[in-house]
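Chain lettering (A, B, C, D and E) follows the sequence in which the chains are written, and residue indices restart at 1 in each chain.
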Amino acid sequence: MLINCVAYRNGQKIAEPPLTEISDFVSQPGTFVWVALKDASSDELQLMKEEFGLHELAVEDAHHGHQRPKVEEYGDSIFAVIHLVEIVEGDIHLGEVDIFVGRNYVLSVRNRSQQNFLGVRARCEREQHLLRLGSGFVFYALIDAIVDRYFPIVDALETELEEIEEQIFARGSARSNIERLYALKRKVQVLKHAVAPLLDAVGKLQGGGRVPLPCADMQVYFRDVYDHLTRINTSVDAIRDTINTAMQVNLSMVTIEEGEVNKRLAAWAGIFAVATAFAGIWGMNFEVMPELKWQYGYPAALLLIAVACGILYWRFRKSGWL
Amino acid sequence: MLINCVAYRNGQKIAEPPLTEISDFVSQPGTFVWVALKDASSDELQLMKEEFGLHELAVEDAHHGHQRPKVEEYGDSIFAVIHLVEIVEGDIHLGEVDIFVGRNYVLSVRNRSQQNFLGVRARCEREQHLLRLGSGFVFYALIDAIVDRYFPIVDALETELEEIEEQIFARGSARSNIERLYALKRKVQVLKHAVAPLLDAVGKLQGGGRVPLPCADMQVYFRDVYDHLTRINTSVDAIRDTINTAMQVNLSMVTIEEGEVNKRLAAWAGIFAVATAFAGIWGMNFEVMPELKWQYGYPAALLLIAVACGILYWRFRKSGWL
Amino acid sequence: MLINCVAYRNGQKIAEPPLTEISDFVSQPGTFVWVALKDASSDELQLMKEEFGLHELAVEDAHHGHQRPKVEEYGDSIFAVIHLVEIVEGDIHLGEVDIFVGRNYVLSVRNRSQQNFLGVRARCEREQHLLRLGSGFVFYALIDAIVDRYFPIVDALETELEEIEEQIFARGSARSNIERLYALKRKVQVLKHAVAPLLDAVGKLQGGGRVPLPCADMQVYFRDVYDHLTRINTSVDAIRDTINTAMQVNLSMVTIEEGEVNKRLAAWAGIFAVATAFAGIWGMNFEVMPELKWQYGYPAALLLIAVACGILYWRFRKSGWL
Amino acid sequence: MLINCVAYRNGQKIAEPPLTEISDFVSQPGTFVWVALKDASSDELQLMKEEFGLHELAVEDAHHGHQRPKVEEYGDSIFAVIHLVEIVEGDIHLGEVDIFVGRNYVLSVRNRSQQNFLGVRARCEREQHLLRLGSGFVFYALIDAIVDRYFPIVDALETELEEIEEQIFARGSARSNIERLYALKRKVQVLKHAVAPLLDAVGKLQGGGRVPLPCADMQVYFRDVYDHLTRINTSVDAIRDTINTAMQVNLSMVTIEEGEVNKRLAAWAGIFAVATAFAGIWGMNFEVMPELKWQYGYPAALLLIAVACGILYWRFRKSGWL
Amino acid sequence: MLINCVAYRNGQKIAEPPLTEISDFVSQPGTFVWVALKDASSDELQLMKEEFGLHELAVEDAHHGHQRPKVEEYGDSIFAVIHLVEIVEGDIHLGEVDIFVGRNYVLSVRNRSQQNFLGVRARCEREQHLLRLGSGFVFYALIDAIVDRYFPIVDALETELEEIEEQIFARGSARSNIERLYALKRKVQVLKHAVAPLLDAVGKLQGGGRVPLPCADMQVYFRDVYDHLTRINTSVDAIRDTINTAMQVNLSMVTIEEGEVNKRLAAWAGIFAVATAFAGIWGMNFEVMPELKWQYGYPAALLLIAVACGILYWRFRKSGWL
């Protein structure tokens, strides 16, 4: 589905050509065309392939979808796959945007996601001195916008982790803690798989070695994106690390709590066992058991039992079992 | 066992020579011979060695089998070992294909596997403009086909993992979970050992450094295979990671469940212990126990016992033990 | 908020210009201006950007704050972010200082921290032969001062760890140990995230490859900082490693203690169960139970019970259960 | 102790000189001497040092023994240490062979091992076209033979692991499993320490960078050894990984089994506690307990107790505890 | 404190100058001065700094002490920090030696350690052909001596580990095992921190890249030290790995033992519970309980109880619980 298709020259919009006339604009010097598609059909991709002269393997990847994040060079053009991550009602949702960048075109194909990039286009059109830098800047602006949207995801996961942490030393919450930690770990894994390969890919655009043509002279900008990604990646790793520790701690807490409960139960069981044993002895049927005949034998027996139990209770209390 | 042996020129089939005449075709310029063997005998390999001039060490490896995946250069030719992975009735099954690639020949020897590559040959013969690229393209097409067959294996393992995950927080399934996780881990290990070394090997074919001769100018294609392998490898690592976490979670669940059961049992034991202790006391044989003589002593005693047990029950219930 | 703004020439203070006249001094050869801000407002940063000609992306980072530690080059100038770590009442507190370094200026912006760098300025002004080295030396002096302040943090964390370690084999302290270890681990993580990226960043300044312009000829100094950071990093890793081991040991101790308690309880339960069983037998109502009629039946029975319990007690004692 | 000492020219044996005349042969062009010693004495090593002009540090290493596997260059010659691994009655046994290789000599010193290399010499003398390659080929043949002897060790360890795995889900075998896994892990560690450093060392001989002189033009052969070592190393790592998992699983099984036993015991305890409680009630001595006077009170009571116990039994059975 | 100060020329001692005249000797060609200090005071270091022209940062490091092991270049000279590790009465003790090496001087400053290097000096003076190699050889000889002293430490730790391992499957030793393993791990950590950074540092001296001036042409010697360090490092890693496994195994053993004890206790508890239940039934006060009137009712009852308990005992025995 076409979102929009605009031709720019010198940082200014000059036309909104229909898809079939794109190649006319692409061939004009100093002009570049920026097309945005959403859940593109096979026909649309085929048309784009012809208009822009895209590489077959790249178009196939965009058609199949479900690629891992990457930035690949095909001659003078770039094909990038980036994950779009959203949290919808507590569940993490994974979309994908495929970006083709050539010297004078940018084509973005967004799949399975409600996020749009109208804001990116608006910002680019506002800042004409930057848009004049051409397709490389648009590519940067798209990646930057996507990466910026990772931050609230990280924040949400960190908040969730903190909520769990508050419960981790609470009694009786072990089962729900472990379930929540496990669910959180799966979400973090999704984000990690979106971020880590992109970090590697953007690392190559930020300089050091040779930089693909459309991104030449943009290293400072991509380094900025790289820096953001590094920050996200570090946070994600910290969350993962903390989840692991929290799981281990949770297990320890379960064991400790069990031990406490066991002691308490055993203490009470001991107290009643003593009472029962005493009662059993005076319940024996020997003929000659003088105390049974005493006037105050019964209350004395009850008292003795109570005192024995009391001493036990007091000792258990003192040693912290009750 | 010979599957087929075909000579191609300019992307078109020109002959199906018998094995012993291969060398005549190999020596013709612009021609290449593509031979497919299955569970090749020692004699067949010897014949191939002579016809194609294969290196002794490579032939020895193909003869012994059970190699790890690799791509080796012998002068101008390549010797590759790739694992074929199938899931047969829940068990993972490991086959092997050995591929010899020279400037004008491709020899594939398939061992211990029911998978065949007839589809690859058909696809190559269909796409003549690609087959014209020569033996390097056939090599790519074979690897691509094998790697594509890893995807359903990954899917199957992921599905199996998800089935286990659904049981992981269910009560009473700890033993079967741990057995299934262990079995799954062994399967994943087999796939990992098929994928990881191949990833390294294909990484060298996709460019960056020097590329072996038959694969020159094919980097874009091998990068595509490399990308697929990376995706598979990432999935395999994610499965392994999740299995480890699931095992740990499973152990936690066992401990938690045990704790719950213990509390429950202890609670009931406590209730009965109280009843027994009371009954024991009134079972004592003291002569002066006035309540024993009361008209309603017995029902009162029963009531008292019931009330005591009831209070205990209510307290245990409130603290979540029952 | 402006802390101070001083112009230096030949290692000596020559003026304290107002912020708006900085550019006049910056343009004079052999002169450099050192400005220190604290929690700079947006306007102040904008002014600095104009006076020093700072890069937009760097100023944006300084404005947003919450960056990870890094040292970035923008043309001939450097932008560095360094974390300030304090321990306030047992909690770890994270501040940040952003440093812009050009050939003839140093601008430090300190955020969310009570630590100041007046001492650094005083030391630099004292050692004129070093201050003559220019902005690069000031940059070194700032980093060196910040890194030196990490050492007491490491010491505090090590002390805390040692206190926990002293409790780790003590009975009954498992719950507090695990809580303290967990809290300590979070603190160590904060320090780790301050140190590890800085280590990488300073590693690039200490030579080997190309060194950013303002730091040229300062490699020996930055190597010294790098060495300090490596020491801190090693200590932090050792603490983390020990925490992990201590957690594992703590879990073992819990399990061992539980086992000991269980044995003890079971031993006592056994002793009373024996008494109860004997008593129960003589409490049976059979008509012909000759021992019930004996003169000393009752004391004999009590003796027997006592002896049985005594033997049990002695055996449990011997096997270390009691 | 001298095993044998032979001089070769053009791939053919020309003499068996006494040790003291070796230097005469070494100096002849196109000739090389191959000496095999076993548990060499200090004097023998001193003699060899003089005859071949070996480096002092290398001879010292050979004299002390207990080196880790390595391949070191001393000028134009090579000094290699390789571990010999045998399994003797279930225990792993570690020997060592030190090999000195020069342009025209090979000296192997075998220590603390019953394995000999007579087969290697026989094979080399049989394949004269290879022996003609000189000392480098002999060096390859020795390493190849040693590495080949690692395979049965790996197989034995894998078999042992599989035997343990068959027991891992069996009830009541936890203690022996953990003991066997621990013992196996120690054995695997010995093999790992023999293989891993050798892998690195042979990696340098198989090309890529500069190759030590005696091994020049032998890269293809050393790559073959390297490939074998990689296979062994991968297997060893897989065994280690599986042992770790198996230990974890074993612990889980212990906990699960304990939980099952606990439930079972608690169930029976509950059933008897109910019977005891009922009996205790009718053992009370209240005067007015009408049911005690009933004709069929006793059988009714027994029936009631039986029914109560039966219901409990049935419920426990249903919930899988019995 | 000065240990000794000697000037050498051509491998021979020529004088023992007082510290203040060192610079006269240092300036003579072909001469080098070797000074050994112990726990040097601030003044001594200042004097050395002037006599040898040491770098300020290096002297500061030596003054502060507590550096991590390293080898740093300052122009043409080297500054090295190496840890001295001793085991005193079972505790590990950490000293430090700082070595300054220039073209014609060696200064070693030993801190907090009883180990001395008189043996090194004696060996050097004995082997004049090596001492002639100059300050680089002395530097090697010192490092070599220190590294050689690590071996007995490793042996002591291995012995301690083996002693623990012998106890690891013994019953009732879990608590002391875990305490000893924890203490051992701390000791190993100290050694690891002494060895690992030194390994990296010496790795740079053994060749490959550029080698600091005083060590030029000494690569073979430093490779020997490097090899020793690698061996030590590997041993240390193996010990650490084994400690981790042993801790895990110990936890398993605790759990297994607990399970065994639990079963045993539960079995005995069951046997007594049966006896108590039977006794309770015949202790009921029903009027019509015919068996109570039988002549041999009592012995029959005792027999029945004994048989019931016997059967239970036999069954528990068979299933291995008793």
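The rule we apply is simple: a contact is a pair of C-beta atoms (placed from the backbone, for glycine too) under 8 Å apart; a residue touches a chain by one contact, two chains touch by 3 or more.
Since this is a predicted model, take the numbers as computed values, not measurements.
> Where each step is a move between two chains that touch, what is the least number of such steps from chain A to chain C?
Minimum number of steps from chain A to chain C: 1.
> How much rotation, in degrees rounded to the nearest 5, is required to superimpose chain B onto chain D on the basis of Cα coordinates?
Rotating chain B by 70 degrees superposes it on chain D.
> I'd like to verify one number: the distance from the centre of chain A to the centre of chain E, where each centre is the average of its C-alpha atoms, in whole angstrom.
Those two chain centres are 40 Å apart.
> For chain C, jot down the residues that touch at least 2 other chains.
251, 255, 258, 262, 269, 273, 276, 280, 283-285, 289
> What part of chain A is in contact with chain C in the complex they form?
168-169, 220-221, 223-224, 227, 230-231, 234, 238, 241-242, 245-246, 248-249, 251-253, 255-256, 258-259, 262-263, 266, 269-270, 273-274, 276-277, 280-281, 283-289, 320
> Using the touch rule from the top, collect the residues of chain B that touch chain D in their complex.
It comes out as residues 55, 57, 61, 67-68, 70, 72, 74, 172, 174-175, 178-179, 182, 185-186, 189, 193, 197, 247, 250-251, 254-255, 257-258, 261-262, 265, 268-269, 272-273, 275-276, 279-280, 282-285, 289, 291-298, 301-302, 305.
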